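Next, two complexes with chain A in common: one pairs it with chain B, the other with chain C.
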Partner chain A sequence: MWIFAALVFPAQRKWSSIVNMADSGVTDGPEKKNDIERAKNEGKDLSKEEKQRLRKEKKHQKKSKEKKDEKAPQETPSAVPAPAPLPVPASESPVPADKPAKSKAELKAERRARQEAERASKQNKKGEVGQQVATGKTKAPQSELQPVVKRLPEHIQADNPDVLKKLAKKLERQQTPGYNATTKAKIPLRSDYGRKVSLFSHLHQYSRKAPLTQQLSIPSTVIHPAIVRLGLQYSHGIVAGSNARSVALLHAFKQVIRDYSTPPNEELSRDLVNKLKPYISFLNQCRPLSASMGNAIKYIKKEISNIPSHCKEEEAKSKLVNCIECYINEKIILAAKAIAKYSIEKISDGDVILIYGCSSLVNHILCEALEKRRKFRVIVVDSRPRLEGREALRRLVQRGISCTYVLISAVPYILPEVSKVFLGAHALLANGYVMSRVGTSQIALVAKAFNVPVLVCCETYKFCERVQTDSFVSNELDDPDDLIVTRKGKTHLEDWQQVDSLGLLNLVYDVTPPDFVDLVITDLGMIPCTSVPVVLRVKSVDQ
Partner chain B sequence: MNLLQTTTFGAVDVRVGSRMNEEELVEYFRDQLRKDPDTASAVAAIRTLLEFLKRDKGETILGLRESLTWARDCLTEVDSSVAVSSGGELFLRFISLTSLENQDLSRCKKVMEERGELFLEKISMSRTKVAKLCHTFIKDAAKILTHSYSRVVLRVLEKAAAEKKRFSVYVTESQPDLAGRHMAEALRKLNVPVTVVLDAAVGYVLEKVDLVIVGAEGVVESGGIINKIGTYQTAVCSKAHNKPFYVVAESFKFVRLYPLNQQDVPDKFKYKADTLKTVPNLSDEHPMIDYTPPSLITLLFTDLGVLTPSAVSDELIKLYL
Partner chain C sequence: MELQAVLMAAGGGSRMTDLTYSTPKPMLPVGNKPLMWYPLNLLERVGFEEVIVITTKDVQKMMSTDTKIKHDVKMKLDVVCIQEDGDMGTADALRYIQQKIKTDLLVISCDLITDVALHEVVDLFRAHNATLAMLMSKVHEFTETVPGQKGKKKTAEQRDFVGVDQSGKRLLFMANEADLEDGLSIRKSIMRKHPRMHIKTGLVDAHLYCLKKAVVDFLTENKSISSIRGELVPYLVRKQFSKSTTSQKQEDTEDQNQTKNDESTNHELLVSSRDDPLLQLAQERSCWNDHRGDMSEAYHGGKLRCYVHIMDQGLCYRVNTLAAYIEANRLAPKLFEEPVVHPSAVISERCQMGSDSIIGALCQVADKTSIKRSTIGNSTAIKEKVKVTNSIIMHGVTIEEGCNIQGSVICSNAVIGRGADLKYCLVGNGQRIEPEAERTNEVIVGADQLMEI
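Entry: the complex of A and B
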């Protein structure tokens, strides 16, 4: 039941906020304020409905203040004609804002009556079904017999205008609570650039030349400067690679926590999580979050909400900073050491190892193997437009490992020489598929055809619960202008946007099926690709 | 090398009292094998280790564990098969999995001994369990192909014959030790029609055969198996002919190895113990075992149940963690 509540609540809040936006703002009577005070003091003793009611009231208060200042109901036209498929329960139908004739008291009474009726109907429904009233978007009507339609995540619905509108609204609303609404600071929505290939039109495609920060107003009090800097670094590719991105994110969050001070009448555990939400949205707009970043954020949120309420602020902040440092140390640095230890067992003298792109983990393993005096040579495979292999080549040659450099088109040519293939991973999915830089599945396929063993190295914090069987559904599109190349002063694709039938596709990730992978080396040991769900199960038991 | 290891411990003195030394250990082991030729060599090894534990006069738990490890290494020198190594490892893990917080050493030892007996009892039942699971897959009028001499496969076929099923068996000769003929003899005693074929004739015979059953010396983490040389060939041919390839193995044969290909299997398993010690250049010798990857295996029958190769890793994690 509590799990249901947890799932339902976030959506519930959206609904109530839409409702409240439509109403003309009214402040609540004093008895409601008392309720809130009492509720705060009691904390966990509140029942579900009371908490819900409290949240609604809070939102209501905020919105009412906004309405008073702004006056212009610019939000109402977008909120009132709610998207068609949404099942609007009768009791919550938005009241048009052009009824200033009614007095405040009447409106308040009306609203309260409506809420009571709604709550009563909810109680009845709960008695039958055990599930709460319409939670927005595309959910099938609640009955035990009909299955609930799963909600698609927003980032793969870029061609659905309703979803975009919702996203815009969500970003506008994500202001840090308590700030003066007149600053009008909000997280900007990044717009897509260029013509997208139709098969991938459901994904966002941004241009690097139009960074999100240009749309931010100054002073931007909503977003912490460390996060702004991080967002810029992500969108320009200055910080790239899943480990680097996660570590940078965690360091930025450490800074945020250090600079954070709890506003009066708020609890650190709840307020800080709310503060982090706009930052995460902002970073998501700069560059879609990776699976490793997602897991790190989940961990931080859990740690924050587990802070006991009696903890003093300084103590709590230092505890959180400590937690983050532990996480980085355990899951990334020590994991790399453990993986290197296992991998070195698999590297024998005289080996010819093939690597693709620049994976920090694989580079680390090869350097460690060199220190342990293994005799091997490396073939670095690279591909356009990122040409990350050059970076790997530079690092390995600096250490004194003998390397060969080829482009991906030459892989079948050199594979007969190769004895092993080492690949890094961006994430490992629950059905055993490996999500990695585009081109990885190609190499695994050709290696399988030549019977060369393929080893994937991945830390356990990159394991995610998602299931994917193809690279289309959930991917990332990079700036299409990267594909344009100038040779001998001629740039043929300069005006690609003018040509109607031409689309440029710059994919970032692809998925490799487990049949092509022989072994996955993690910090827990060497496992076959099909055992990833076992590790996820073991991990969830531990936590 | 082993003596050097033992003399560095604090409280344990190697030559004092009635503690088993190396010769006694080896003698006991060989004795066990001789007494009951039908038991797996791993079971004999575990019995030996249990006896060693009983007679050990160590003063500390750490010393006890060290000396058990030393004893297990001794045994692997005598019989370098994968099963002895894995059986020994699992035995050690099983007995030390108890909470040894008891201050009193003798009580700890008693607990360890009891657990050792329990372990031994469990694994002696394992072959029967495997036979019970597997015989249902042998249909009436089936033609079975098997490789070399395996006591587990023999037990399975015994059970199937006892269930009044009619089937005939093709056995490969299995050079260089001709263990296949041994298997054929045993099957003839059960009144099962049996034909001995050359190792090279496996591809020829497979079109007549309905299923292939082999034993295993070791089951590795990937779900593949290590077995007598020639198994890999049989597996590849049966895949090409689309015939099911079944493996029967007890759970104490599960080992924490992960070979990527034939080359990756450690040398100490490939050759007999005597060969490893006497011959200077191993590349002239024929390996006694090979590795069959999990993609060629249909199902594994173990006392933990009927498993697909990918489930083996799951079971291993449960056993070892």
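Entry: the complex of A and C
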């Protein structure tokens, strides 16, 4: 049974993914299911068995329905418009014979054949922008529950009213499952703010002054208070930066797990994952999730689903809490140490290092290098409206590193002095592109023109299977009012919404091509940008 | 559970004794609803399901018979009675119910009428992990003439000096004029950390506080603090900048001895605000700072933080003086979309009623009466040819023919004789005004209700 687990940006049916979670598409799909079945059969709990039976029936119904659906659109695969991005798991051609009682091996073989055919036809299509909706498996992500029509992920369809309606309905349905239906508390939908620039109208743009908590009840019962606090901190920018966000997220999840208690007739491995879904949608609305957060959530969901059903609740909870701590320790703290060790080899005495914005990893590296008594000086480049460079400047000067501070418009002028450029990354995409704070690609471009080496430092947990070649398709729009500044008592842009031809754009991320990046320093070592897919493949095999 | 609500309804209304000697303050009718209904309604609208109400036995009795509270309030009210005359301050009351408090608190006073978006205050509390978050509002000048006031009384009300930082959210300094004998002194430690401070005086404290649970534990240890507003809040604001809460390691022994008392008291405040190492890590890695210009980290490394939300638009009244009571009666009905005339009231056709008046249940208004800008309570009988302007008439009052009532407050069960002419008077509970009386600017109360000096 090939089943895959839904990722953070769900686009598929919800309950099917709930079903799928139990048999999460990790290495041992079929065996796992048998285990669960056996365990269930031993239990005297009738309702659990009944539930399982219901699930199985639904699955069969779905399968036959899917087969019928797939027959129709299969005739026009090429008519699908080119710019429509394809989710990487291939869509299948319909099963010629509608036999429900096929053996698993036969189904597997059929699907493989279909996939090869699809791959061949896909090679001819260009401009592939895809988002894989699967757990770490890049080899054979298969699911017959995958719809045939190639769909755009929802988070970049903010200008499509149907998608918004669907999202609202989905949030409604994502109530805390298992409780009585009278508490119809739903997760509110955050509405967009202000006029969007047409090129980016497919993205969401929220205002900081209209937080999502406006629509929630004050002693928040629907959403765990730790998650509400986290959401607020994200939307106010109190917790900003890829690493900080992931750590805060995992901390909040620890609290959620500690306060969780399994309702009767439910299994922890299934129910807890369902509990987390509304929280994740809530956080996504407060601020779109980052790639590192997405990977962390995937990991947690996998760990939860892997809890054997015979495990007692207390044991399971402590195990999960331990897993979280291990993950943070391994992937963030130790990774930072390893990266610092490699980077220090690259820093020689007399270096002039250029950094951009405030990357916690780069700051860490520079502080470590100072401890190892390297002699260097730093040029901090900053840009509006965030002006994060000031914070980086403060941290470095506090340690005693001599720093220069410039704005990004001065980069071509100071670059002749610079010997190396160290950049942090928000995510590393599967085609070698580096997604980082807006402005990074400019710096990399200018550095390349001056032949200054550009080194990107990134932990492996930020590696993402997405593929992007431009900064338009998938990005984040921040509050446009941040661009408004008051000088000498005058605020010129105060009424920007009244001017029809004016739009304010506050982009957060941009994408740097691998040609501009000379080296990527990860905790696995120093690799060229183009080796990122290799790392991803190695990682997925491990998992 | 995230927050527990506590409604303080045991106050005596010491600044409006004329009204409160027979009706306790929480049950005074404002717009024909008891005063404590307004904060309860605010809590209910926002989504609370349970409230702990601290009150006296009299009020509890009246609450159980009051229709508004019984039927309109869907929340579960956990009423705790305390002695009426035992000098219990608000902080003492919190200490009394310490067993019931399991999580962070939202303390609200029964005399607060406001339409604030409560999430603004609570968001400050949540986002910054604050120890205290409170609500303040710009002072409204009361324009109505208050009965019983001789001349334009410019009460030398003790002003509050409130110091906030650049963003207007962090509370740096709070003192009452009464406590400052020889001028306002600000500690150097505050100035070093927040060089720009805005000091405001025209603010009224709405007495709505979000407090961390650790504060309640701290109160149980420190029995000397008895009032939240008067002692606890200034103490917390001061303690934000004291050495022991900001330094993480213990300094030399001399400092220890000096600040020994402070430390033992701060220990409780700090215990639960000691951040998880993970939270610490997240804060370290985050590139955010609440201030800039100096070398210190976010919040200057302080664990105790106090925040304030200052409302500049919207209604916010504390009904603790007669003037406030009259103003509230004028404006509170505008908060809700309710029919101006209660359906059970009997009003004859030839009566002139302005649209900004409210008539309560079971009233009887006879012909040729004119009612403008007034509030008429339940079960009141108004006979013919009566002119009522700008007044507040409570429940069960009888007004005989030909009266002229202007700018007055008539308390429950009073009887105004025929042809009386009252201007800016306050008629106490159950009083009788003789016919053809002419009173201006007087407070008419029974002899036994006069205060003993």
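In this text, the second predicted complex is superposed on the first by the 393 of 543 C-alpha atoms of A that agree within 3 Å, B and C clash if a C-alpha of one lies under 4 Å from a C-alpha of the other, contacts with A are read in each partner's own complex, and residues count from 1 in each chain.
Note that in this section a residue touches a chain if its C-beta (ideal position, glycine included) is under 8 Å from a C-beta of that chain, and two chains touch if they have at least 3 such contacts.
Not measured: the values here are computed from a predicted model.
Applying the stated contact rule after C-alpha superposition, one finds that A:S531 touches chain B and leaves chain C untouched. By the document's definition of touching, of the two partners only chain B reaches A:D518; chain C does not.
Of the two partner chains, chain C is the only one touched by A:T213; chain B is not. When the two complexes are superposed, the chain touching more residues of chain A, out of chain B and chain C, is C.
Of the two partner chains, chain B is the only one that A:K420 touches; chain C does not reach it.
Of the two partner chains placed by superposition, only chain B is touched by A:P453; chain C is not.
Judged by the touch definition given at the top, the superposed model places A:R229 against chain C, while chain B stays out of reach. Listing the residues of chain A that touch chain C in their complex gives 211, 213-214, 216-221, 225, 228-229, 232-233, 236-241, 243-245, 247-248, 250-251, 254, 328, 333, 357-358, 360, 388, 390-392, 394, 397-398. Interface residues of chain A facing chain B in the complex, by the touch rule stated above, are 346, 420, 451, 453, 455, 515, 518-519, 526-528, 530-531, 534, 538.
Within the complex formed with chain A, the chain B residues making contact are 221-223, 258, 260-261, 264, 294-295, 310, 313-314, 317, 321. If you check the complex, the residues on chain C that touch chain A are 1-5, 46-49, 106, 117-119, 122-123, 126-129, 276, 278-279, 281-289, 292, 295.
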